[in-house]
Amino acid sequence: MDWERERRTGVPEAVLCASKSGTQIQAILIAAASAGRRLLFTRLEPAAVEALAPECRALLDYDPISRTAWCGGPPPAGTVRDGVGIVAAGTSDLPVASEAARTLEFLGFSAPVIADVGVAGLWRLMRRLEEIRGFRVVIAVAGMEGALFSVLAGLVDAPVIAVPASVGYGVSAGGTAALHSALASCAPGLLTVNIDNGFGAAAAAVKMMGKIKD
Amino acid sequence: MDWERERRTGVPEAVLCASKSGTQIQAILIAAASAGRRLLFTRLEPAAVEALAPECRALLDYDPISRTAWCGGPPPAGTVRDGVGIVAAGTSDLPVASEAARTLEFLGFSAPVIADVGVAGLWRLMRRLEEIRGFRVVIAVAGMEGALFSVLAGLVDAPVIAVPASVGYGVSAGGTAALHSALASCAPGLLTVNIDNGFGAAAAAVKMMGKIKD
Amino acid sequence: MDWERERRTGVPEAVLCASKSGTQIQAILIAAASAGRRLLFTRLEPAAVEALAPECRALLDYDPISRTAWCGGPPPAGTVRDGVGIVAAGTSDLPVASEAARTLEFLGFSAPVIADVGVAGLWRLMRRLEEIRGFRVVIAVAGMEGALFSVLAGLVDAPVIAVPASVGYGVSAGGTAALHSALASCAPGLLTVNIDNGFGAAAAAVKMMGKIKD
Amino acid sequence: MDWERERRTGVPEAVLCASKSGTQIQAILIAAASAGRRLLFTRLEPAAVEALAPECRALLDYDPISRTAWCGGPPPAGTVRDGVGIVAAGTSDLPVASEAARTLEFLGFSAPVIADVGVAGLWRLMRRLEEIRGFRVVIAVAGMEGALFSVLAGLVDAPVIAVPASVGYGVSAGGTAALHSALASCAPGLLTVNIDNGFGAAAAAVKMMGKIKD
Amino acid sequence: MDWERERRTGVPEAVLCASKSGTQIQAILIAAASAGRRLLFTRLEPAAVEALAPECRALLDYDPISRTAWCGGPPPAGTVRDGVGIVAAGTSDLPVASEAARTLEFLGFSAPVIADVGVAGLWRLMRRLEEIRGFRVVIAVAGMEGALFSVLAGLVDAPVIAVPASVGYGVSAGGTAALHSALASCAPGLLTVNIDNGFGAAAAAVKMMGKIKD
Amino acid sequence: MDWERERRTGVPEAVLCASKSGTQIQAILIAAASAGRRLLFTRLEPAAVEALAPECRALLDYDPISRTAWCGGPPPAGTVRDGVGIVAAGTSDLPVASEAARTLEFLGFSAPVIADVGVAGLWRLMRRLEEIRGFRVVIAVAGMEGALFSVLAGLVDAPVIAVPASVGYGVSAGGTAALHSALASCAPGLLTVNIDNGFGAAAAAVKMMGKIKD
Amino acid sequence: MDWERERRTGVPEAVLCASKSGTQIQAILIAAASAGRRLLFTRLEPAAVEALAPECRALLDYDPISRTAWCGGPPPAGTVRDGVGIVAAGTSDLPVASEAARTLEFLGFSAPVIADVGVAGLWRLMRRLEEIRGFRVVIAVAGMEGALFSVLAGLVDAPVIAVPASVGYGVSAGGTAALHSALASCAPGLLTVNIDNGFGAAAAAVKMMGKIKD
Amino acid sequence: MDWERERRTGVPEAVLCASKSGTQIQAILIAAASAGRRLLFTRLEPAAVEALAPECRALLDYDPISRTAWCGGPPPAGTVRDGVGIVAAGTSDLPVASEAARTLEFLGFSAPVIADVGVAGLWRLMRRLEEIRGFRVVIAVAGMEGALFSVLAGLVDAPVIAVPASVGYGVSAGGTAALHSALASCAPGLLTVNIDNGFGAAAAAVKMMGKIKD
């Protein structure tokens, strides 16, 4: 692992498990635990957790919805900050929204998730608007056509980070339609990360919060 | 020309001038005028109008914004219906919205255009909502990310026909991002036509109105 | 659930099950049943139905071909309307056509399905043409090259809603070739929804029929 | 020039002028004329013809609609065969259809062009069907959604060669939608060449006719 | 089934099994057998054959490499013609080549398959060239970059039908690279069908042979 | 113009001139000047400026490299902040980098541009690293393969906003290769805007700086 | 097998197992063993090895990480050369890097693999730079955005062969983003092979080394 | 300019003029001339040369076919090496082939161009094969379907660098079909650069030759 990364970039390295073998994941986990270091794992499928040796599994705090895990325990008590909020268009977007929330939790931020506020029923978003306007950084998660991104960015003065979700079928299968909606938004200042990249959105929010003094 | 088409499909044939030569356009115009028939021309560039013989040009009612023209005069007095409305996200969408409005006018419908109600400033759309709710068929024109389509379809009970406009740059150049937003919309029942196809949206609205008795 | 949607848009919210977990689907079903509400579920795979608790499964009217289900019983007796027809190119298009038919049934419309009238054997379509011309709204389902859409739209005066089906291989795998045929049709006034979106076509037909008095 | 090609492949080499400089085209023309050989030039724009030296221009039989030219005179009298027919969906397809017709003429075949029989007005195609059924090889040219290819291939027993034309806008701009319709056709045995490749379709027809004795 | 098709188009309808359910396939088979008709099934996976009722399975002549089957027996003795040859670049192309060969066999043609003559070892193709030059119609099957199509079409005077195969990875996964090589070929007169469409190539060859008297 | 936008979103509306006519631009400019308001124009080509009436032209502060203009004068003296820096890979990226710099200037920020630090000569970037590390928000502009984004995001702890530039040819023509490099970056927390969207990157930086107290 | 290939091209034919059946693979292996020849197999999945007859399996030297095998033993002792090095961005790239290393080993080259030097932590690459500068040919393997290719090519004077890996998700799924980064690189002289084509990179390196005398 | 690049990478920086303004190009030229340095300019259009100040133009050795120029004179007499050869499929590929040849000349290599050896007339390539087999590095240029790359790589033992050319129309417009043919080649060890990148192929060849002692 690249233990110098946090000092240089403000965000520690995490382990993207999707294309790693069980043997590789286990070796990384043991190395981190031996070094007494905290480490985040993303895209860790339940089956991959099951395949770990029991003593390795016991080292992990695992959440199956977000498919994230960490070793080394929670952030030190008394250091957790707020200021970041997560907005999700629908129930299907919760795995991606949870990846962002869990990453933020690991990195010392408590971030509420406001779900089911997609624009097909605009009144639902409007009811939660004051709460959303209270955040300093907003992470928005939406699949299908991703219209939520533009609507939201036109309603708040905080920076909005769009996370397109691979939710949908036909032309929205894979998340490209939502990604292009974020990039082509008519609302100035909308920012984007890769499809399904809840981790990256959280890392960007942490970098922003690192420049904001409470 | 295929003069039987109106009887069979409810909409007469129109002349798409984009890939026709000046000689071809002029021949079609003369044939229609000789037969005493009304005929609509779309995608007729100002330069192509200039290139027509003056006596041909005099036969045409030409509008440079929508790039449409017709010969044979307006619909008969007293036959014009209303019930169709056109909503456009921004100033740049007006050429496409005008193509729809002019086609409707040629086919006997008076359709108002409500412009500059894009979702980056949602309050502008909200101010015009009651007016929009009064239409029986709504044509919506938007480029860039096309978020207007889903927001609008979630607010009215009339059928909404989305016309993606080739307005934008980067990933929205050519109009595909707006098209995919229309197709992948989270608002059920949204309908779509090809990019920039204001004529097609108007033709569909006329087909729907043909089934609605006043 | 967004129970206000029907009042505002003319079509109630439905549950797209494709990217929801079994736990999420079951919770929504129980909430609807507890509230005494009718609710439609789409893209509900047989395996997902099997995974429900038996008392939940018993609440559902499930159809495996269309992969749709509803709770809360059929529409009130005496309220079912007709006027919508569904035309399918081939046997492989029946799952999508059935999704449209079942959605229409849930929403109070009885819609016949006319199948196996693809244009490779044009005489088959011609034999059914008078019946098709009797509909006020036509939903057309076709995969592969989707030539049926243009042929049909050139033969009837009712609005035609094309539903491209993800039937085919090579360049038509995924349904994009059929979608582009619908969008680029030479027959004016053809309308399109997303690939495989039988539900959306039915919702649009219901919106149109809501403006047509019998 | 590759003068051996005709003997080996049944079709002589032609000069695709699109990406050649005026200097290169003129040198090839002079070489062919000096050798007393017949030679076909395709995609030769009127401006490129104008730029040739007058004595070179005089060597050419040029047709501006198809943008083809040849030197060396027509095929020998008494050798011209028929059996090949060309069907074009609309007026905009005539440049491509003419490229096929002119290539056939250069190669010794007289091929009629039947135009304006697109499927939006199916009755027009039906009126010409007996004539089309008389051809041994049919070349079909269509842009936009290319539905003509499948309809035609389902009505005749001769091999049909589809030539997708780059006619259309939005999703059909560039001709890909028509190409995919040809490739994904539900009518078995339809054959395809590249977009706008009237020359290639004619060459294929000549290869087929080379195997058919009168 | 569309039993009129053969009379009108020269090729009978076949059953594409890929997107049909077992119930649908079995019903079609029983209908054909009851009517005493010969019928071809393509893309019929071994597992689907296993799932048929034993008495249905017994009606079929099934070949697992080509995944084709037919009922109703072989073509009448004494009617089998030759003149069509199949050339395949490599071992991986044999399933597609076999689909063409089996379709030809069902339709009354005996077509040899010449395999492993890809252009990475050009000397292998050269050794078989005289044999290939004897065919009246050549079907060529290749995946990856599809260079075989152009090389072959430059060496024979018979029409060549390219069948791009979905063999390869990276940019050639799915067969599009080979398809584009066929369409963009520098060898005039090359014809193409959809990716993996051995059936379609055979149908086209039969249509050509129908115009050639022995 | 939507004068409420700044109050709600922290960034005022700007005029994207690319798809507007000269008449439309002039009308907007006169309206803003009459109202005594400051207004930013982007993608305003030199030819469009030339086409304005002289008295309109005189109202504008125009910069031809960034193709931006504003009316209403500079920000109030004494209010200009720093903290944002712009890094550009090469000379060809300067128009996009300048659009960001000019937008920031209009919005009250002084942002230096550090150019010609592309990764083909990594030592050039290293020499400027301490200066770059001093910014609170970094805007990075790169075309071609966009490798600068990942390298930079791995070296600084400030949030980095990638602006892919449409600089390059072949697979990088149009800027998609650079865009995908930004989205797929192995450096966590990298943020992206649309291709060539210097304005959007500046707007996002201003939103971030709005949450940072000096 | 094409046993002449090595003599003509400098690299022997290998067997790409991905689209071959178990029966085909086993037949090729037996033929090679009978002829006493060495032969390399790539993309041979563990399940396919398991499915071989035990006596066939015993003929193979199989490596599951690279999914390669060979029969006929190692290269003759005393003939192994060095000069080629392999650089991999991350752990997930090791299967592709290993395919290159194993191919080189089979062809008589010993090539070290330097892993985990991706540009998100540039200092890791810098620590290994002197070692990398000692190679005469460098093979670089990277997925996601592929920024390593340009950075590396800007730091060494040996030719660099980029192998894009299908590692990533969203826009980098399938490896196209990394491929485009390699092709569009701002570092002159970077060479590319197909996605995941470790074998091809090794073959190219061997061709280069064949022209370099020790 | 990055004058350190040649020492580190073996190839000096060149100036890609395509997206630079005339002012920028002239400034770079004057800086190089003042420093007494040799410098290569690529993609320099004749119109851009015309726009230079006469005294600047006089500093350049310009070639309009390859659109390259250099200042500072030819390589020192007596240092020019051979060993690199360029093979071009057709006349239309000569601009790209010339860019490679001129770059090689500037960098001290004399490279012959063997043209008009496309595979539609394979006998033409065969006649030049012995000459081609004499090169240590082969650069191959082809557009359309790019079949030349695989055929050539299967016939020589030197490394082959494919340069796909943006020559063709329809599916080969822009050069992607040729690029994919190079990447997906069935001939092992074929290497690729970006479309039209004759400069990059030459730079790679020079890097290879730098490792080969005469």
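Letters are used for the chains, namely A, B, C, D, E, F, G and H, taken in the order the chains are written, and counting of residues starts over at 1 for each.
Rule of thumb we're sticking to: a contact is a pair of C-beta atoms (placed from the backbone, for glycine too) under 8 Å apart; a residue touches a chain by one contact, two chains touch by 3 or more.
Keep in mind that what you see is a predicted model, and the values were worked out from it rather than measured.
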item: Copies chain D and chain C - interface residue numbers shared by over half, same or different; value: same
item: Chain whose mean Cα position lies farthest from chain F; value: E
item: Per Cα centroids, the chain farthest from chain B; value: G
item: Contact-richer chain pair (by C-beta pairs counted) among E-H and A-C; value: E-H
item: Rounded Å distance, chain C centre to chain G centre (Cα mean); value: 49
item: Separation of chain B from chain F, taking each centre as the mean of its C-alpha atoms, in whole Å; value: 35
item: Between chain G and chain F, distance of the C-alpha-averaged centres to the nearest whole Å; value: 42
item: Residue list for chain G, restricted to those that touch at least two other chains; value: 5, 8-9, 13, 120-121, 153-155, 170-172, 176, 179, 183-184, 187-188, 194-195
item: All pairs of touching chains, each written as two labels joined by a dash; value: A-B, A-C, A-F, A-G, B-C, B-D, B-F, C-D, C-E, D-E, D-H, E-G, E-H, F-G, F-H, G-H
item: Complex contact set, residues of chain E against chain D; value: 5, 8-11, 13-14, 136-137, 153-159, 161, 179, 183-184, 187-195, 199-200, 203-204, 206-208, 210-213
item: Chain F residues within the chain G interface of the complex; value: 89-90, 118-122, 144-147, 149-151, 153-155, 168, 170-172, 176-188
item: Of all residues in chain H, those that touch chain D in their complex; value: 91-92, 116, 120-121, 123-124, 143, 167, 169-173
item: Partner chain E, residues of chain G touching it in the complex; value: 2, 4-5, 8-9, 13, 16, 18-20, 24, 43, 164, 166, 174-176, 179, 194-197
